[in-house]
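Next, two complexes with chain A in common: one pairs it with chain B, the other with chain C.
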Partner chain A sequence: MTVSALEANDAKRGGRSLLSALLLPIVLVNILVFVAPVANLAAMSFRSAAATGAMIEGFNLSTWSSLISDAYYWSMLWRTVWIGALITLVALVLSYPLALFVSRATRAKALLIVLCISPLLISAVVRTYGWMVILGDQGFLPAMLRSFNLTPPRLINNQLGVIIGMTEILMPYMILSLLSGFGKLDATLEQAAETLGAGPFTVFRRIVLPLSMPGILLGCLLCFVLAVSSFITPKMLGGGRVALLATEIYDQAIVTLNWPVAACLSVLILIVFGTALLFYGQLSKIVE
Partner chain B sequence: MEKRYGSFAPSVADLSFSLGQGELLGLLGPSGCGKTTTLRMISGLVQATSGTIRVGGQDVTHLPTYRRNMGVMFQSYALFPHMTIAENVAFGLQMRKVRKPDIATRVASALAMVRLDGVADRKPRELSGGQQQRVALARALVVEPDILLLDEPLSNLDAKLRDNMRNEIREIQQRLRMTTVFVTHDQTEAMAICDRIVVMNRGKLEQIGTPLDIYERPATPMVAEFVGRINRLEGQWRNDGAIAVGDSLIRANANGGTGRVLIMIRPHRIDLAAAGEPGAGSPEENMVAGTIRHITYVGDTLQYAVATAGGLLQVEKATSSATDPFQPGDSVALRWKTRDTLSFSSEATG
Partner chain C sequence: MPNLTRRKVLALGALGVAAPWLSKASAQERKITVAAYSDIFEDIYKRTVIEPFMKANPGIRVDYMGMPTSAQNLGMLRAQKAAPQIDVCIMDVVVAKAGGDENIYKPVTAEQLPVMKELVPAALIQGVPGPAVTFDALVLMYAPGKFPSPPTSWKELWDKKHAGRIAIDAPPNLVGVGLTLIANKLAGGGDYRQSIDKGIQLLAEMAPLVQTWDPKPNPYAAVANGVVDLGVGYNARAQTISKQNPDRMAAVMPEEGSISQINTINLVNGSKQPEAALQFMSYALSGEAQSRFTEELSYVPTNKNASISEDARKRTATTPERMARMIDVDWIEVAKFRDKITEQWRRNVISRS
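Right, the complex of A and B next:
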């Protein structure tokens, strides 16, 4: 090995130890506030609680087995996944044209982006109250429908209300993800396709859609995860009648004080997220 | 035809030209002169505000781009990044519902034509700029378009590659007898490969002609200045058909006129001789006395700035291995042919 190669090696080693030193604080913080609590949660799911909420000594599978054998939880898991997927899909369909328009805008583009994400400046709780005012039985929308002599459907305290509210609340995330994905989309590519004989629909199907796929996947992952994990909006707009994993965790931990069941459901939700992430990774690879 | 954007002045106005089958027509002009807009009107990407565009007798003015059968090569190449090279080239054929086995053979032969075999399965980003350009050319040609439209195709390549590619485009164009419109701001490029050149300025037509016409017989001072370095002298027509510039008389390619006149002479068409040599100009040749102010050595040429009674004249001589006979401050005689003296009477100079 030559002297310069040795020096380069030394420099590399020096750089690596500096890198480790710089990464150490965030690694420690993450272990303390993320890894340890999750491990604790996982451990707790192997314990069981007395009727008073007091945890019984010793680890066993009794909480898991009672959960798995209970059809109520299976239907809740299924409901959580399909409502989350539906919310994601509706948010995607509503956000896509909006994001495409904003990314194409030449004038006031910055203002349009701010308008799209400005709902994030208001807490989801406040926005949920807003939806209660609009959708509630004496609310704005039913009143308007009644003024046209129409019988309004139930828009609140059911799944429909949850889906409407959640979709609106998650749309800014979808729009942001889509916008980041549209960066690859050069208008010249569409013009090139047009000159080669592609009509507007073909241009969209063969050029615009495939090139915006990374943004679509990212937005879907983000919205799905947020939809599955949110509990305030489903609780308020579902009126306690829409039992989802996240709301059930809240109830078990805060109301029923059965922490082992809450821990089990938390682990279950983590598995759902892991599966979603796996899908995202695989689909991303195909898109690439 | 004409194109107006909003209420602004038209970016292209009152432009009219025709293209012969198999002709390579250059659209030449400074940036912002409307040449790209013209190209986009032909391709249909921009709608003409008024006027008509005909291809083979058929009015295509209001046809959408995708029904026009034009092959366009974009300045940025615009290859589809998510498709392989073969898929890029096949795209136009798929749009034309060509049968699958035929697509495969036509794609292969198009790639062979631009000398790009063996990259069919790669993605555009894995190719060099020159290769991407060939793909763009193959993609535009494979559909056998009525007209091939090239928008500044060489501007993103480095100088050496540019010359090669230029000749290659010309060679393929000749072989296929492909009617082609070539947009460029580089007069050398246009001169080198075009059959005819349309010189545009501020959205208006300045001149249409062969490269020789454009260079030797420019219709306007703008054209003369755009296609190469040129000297300007201001003069006054005299009754005998000569032009008075300062206290010397110059004869031009035109036989007289009235009023003020702009004279233009290319620097390399002027001969330099030591002062005091006999000869005082003739009907065929102009002679003016001057003093050398600067000499600039630029490798293959020497550029002299010579002060004359009419103003400073640039003279350009090919360098030779012999030492330069002139020094700054030398008195010299400048001679040039009458037919190399372009004259523009003030009506024409605008």
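Right, the complex of A and C next:
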């Protein structure tokens, strides 16, 4: 090995140790505020609680086995996944044209972006209360329908209310993700396709949509994860009829005090997130 | 500096030298933290119990920590088990029992708290670490404008004319659990320890009429704001809100009787100021403090010596005719099958709405 090669190796090693030293604080913070609590949560899921809610000392599998053998929790898991997926899909369908319009705006683009994401400046709780006012029995929408001599359907305290509220709450995240994905769109490609005789629909299907897939996938992942983990809006707009994993975790932890069941469900929700991430990774590879 | 004389300078110097000892003396003021319900309870409890206690005991400072629910109160202490920051907890008897089983609360005796001898027998509950400090009961809340005459029966909840205008907190909330026991009695279900099936069947018939099983922020606001016409809640809060908004909400204890709710006062195991905490508990359980609290918030006092005005008594569940109609419930027993009640509601009641 030559002297210069040895020097290069030393420099590389020095660079690595500097990188490790720089990474160390954030790694330690993550261990403290993320890894340790998650490990604690996982350990809690192997404990059990008495009927009164009192925690029983010692580790066992009884909480897991009772959870897994209960069909109610499986149906809740399925409901959580499909409602999360439906909210994500509706948010995508509503956000896509809006984000495309904003990304192509030539005037006041910055203002339009701010307008799209401005709902994030208001707490989700406040926005959910807003939906309660609009969709409630005496709300604006049912009153409008009644003025046309129509009987309004129940828009709140059910799944429909949760889907409407959650979609609106998650739309800014979807729009932001789509806008970041639209950066890859090159107007000249569309012009080239048009010159070759492609109609607007073909241009959209063959050029715009494939190129915006990274943004779509990112937005879907973000919205799905947020929809599955959200509990305030389902709790407020579901009227106790929409039992999801997140609302059940809240009830078990805060109302019945059964922390081991709450911990098991939290681990389950982490598995759902992990699966979603796995799908995202695979789909991203296919898209690229 | 025309007024600064040599004498004043010396006095100031002496004060400076004495400062460490002065701060030590002020540090001897004992501080305890009491965790109990937030909202109206907090406002009134601070005014009627905590402030008079601090006035009578200038050496003890009491900080109040408002908690939305008893379960959150216990949850906070579970997290602080190694070094508790709370000294006294006021909470529902079911949660207190769970905390006692986990050694989070220390059982207190009449030797430590002689005031316990002044309490009614029902205030001393076997297996619960602290004595009862208030009693309450479930009531039917209604919008007076929608009823020509006040409802008299729980059966009003099954009247189809109220379709979509009823708010009920479903189990695991204890209001829903209590309503199950009431429905079981209405349906002639017999001893709730044996079976609650008839009660569940009856509730399933009511289910399609219910607008929400989880009223937000609570059933009191839902009735008072006109979102629903009927709801079920606790008497003390309902009476206070009804007094503030007499045209918008009223509460009645139906003729079939009701279910009691018990709040206990508990000493935290590992409290750094156990003597000051016991001193506070003794005051909170005294007839004087309980009378003052009941005058403003209609909880039933547990101290036999509490003297309350006729007006306040009418609003509580303590009138003889109301007491005679109370359904006897052992909440510690009920807690053991609360999960089953919740499950039955999910499968057979909520699913039908």
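A few comments on the model shown:
Keep this in mind: the second predicted complex is superposed on the first by the 288 of 288 C-alpha atoms of A that agree within 3 Å, B and C clash if a C-alpha of one lies under 4 Å from a C-alpha of the other, contacts with A are read in each partner's own complex, and residues count from 1 in each chain.
The rule is short, and it goes like this: contacts are C-beta pairs under 8 Å (C-beta built on N, C-alpha and C of every residue); 3 or more make two chains touch, one makes a residue touch a chain.
Computed from a prediction, not measured in an experiment: that's the story for all the values here.
In the superposition on chain A, A:A54 makes contact with chain C only, while chain B stays out of contact range. In the superposition on chain A, A:C116 makes contact with neither chain B nor chain C. Judged by the touch definition given at the top, the superposed model places A:M171 against neither chain B nor chain C. Using the contact criterion defined above for the overlaid structures, shared-chain residue A:L222 touches neither chain B nor chain C, since it reaches no partner.
Taking chain B and chain C in turn and counting the residues of chain A each one touches, the greater count comes from C. In the superposed model, A:L211 makes contact with chain B only, not with chain C. In the superposition on chain A, the residues of chain A contacted by chain B and by chain C do not overlap at all. Interface residues of chain C facing chain A in the complex, by the touch rule stated above, are 69, 71-72, 74-75, 78, 94-95, 97-102, 164, 170, 172-173, 211-216, 226-227, 332, 335-339, 342-343, 346-347, 350, 353.
Per the touch definition, chain A reaches chain B in the complex via residues 184, 186, 188-189, 191-199, 202, 206-207, 210-211. Every residue of chain A that touches chain C in the complex is listed here, in rising order: 50-55, 72, 132, 136-138, 154, 157, 235-236, 238-241, 243, 251, 253-259.
Every residue of chain B that touches chain A in the complex is listed here, in rising order: 43-45, 64-72, 74, 76, 78-82, 91-92, 95-96, 139-140, 143, 149.
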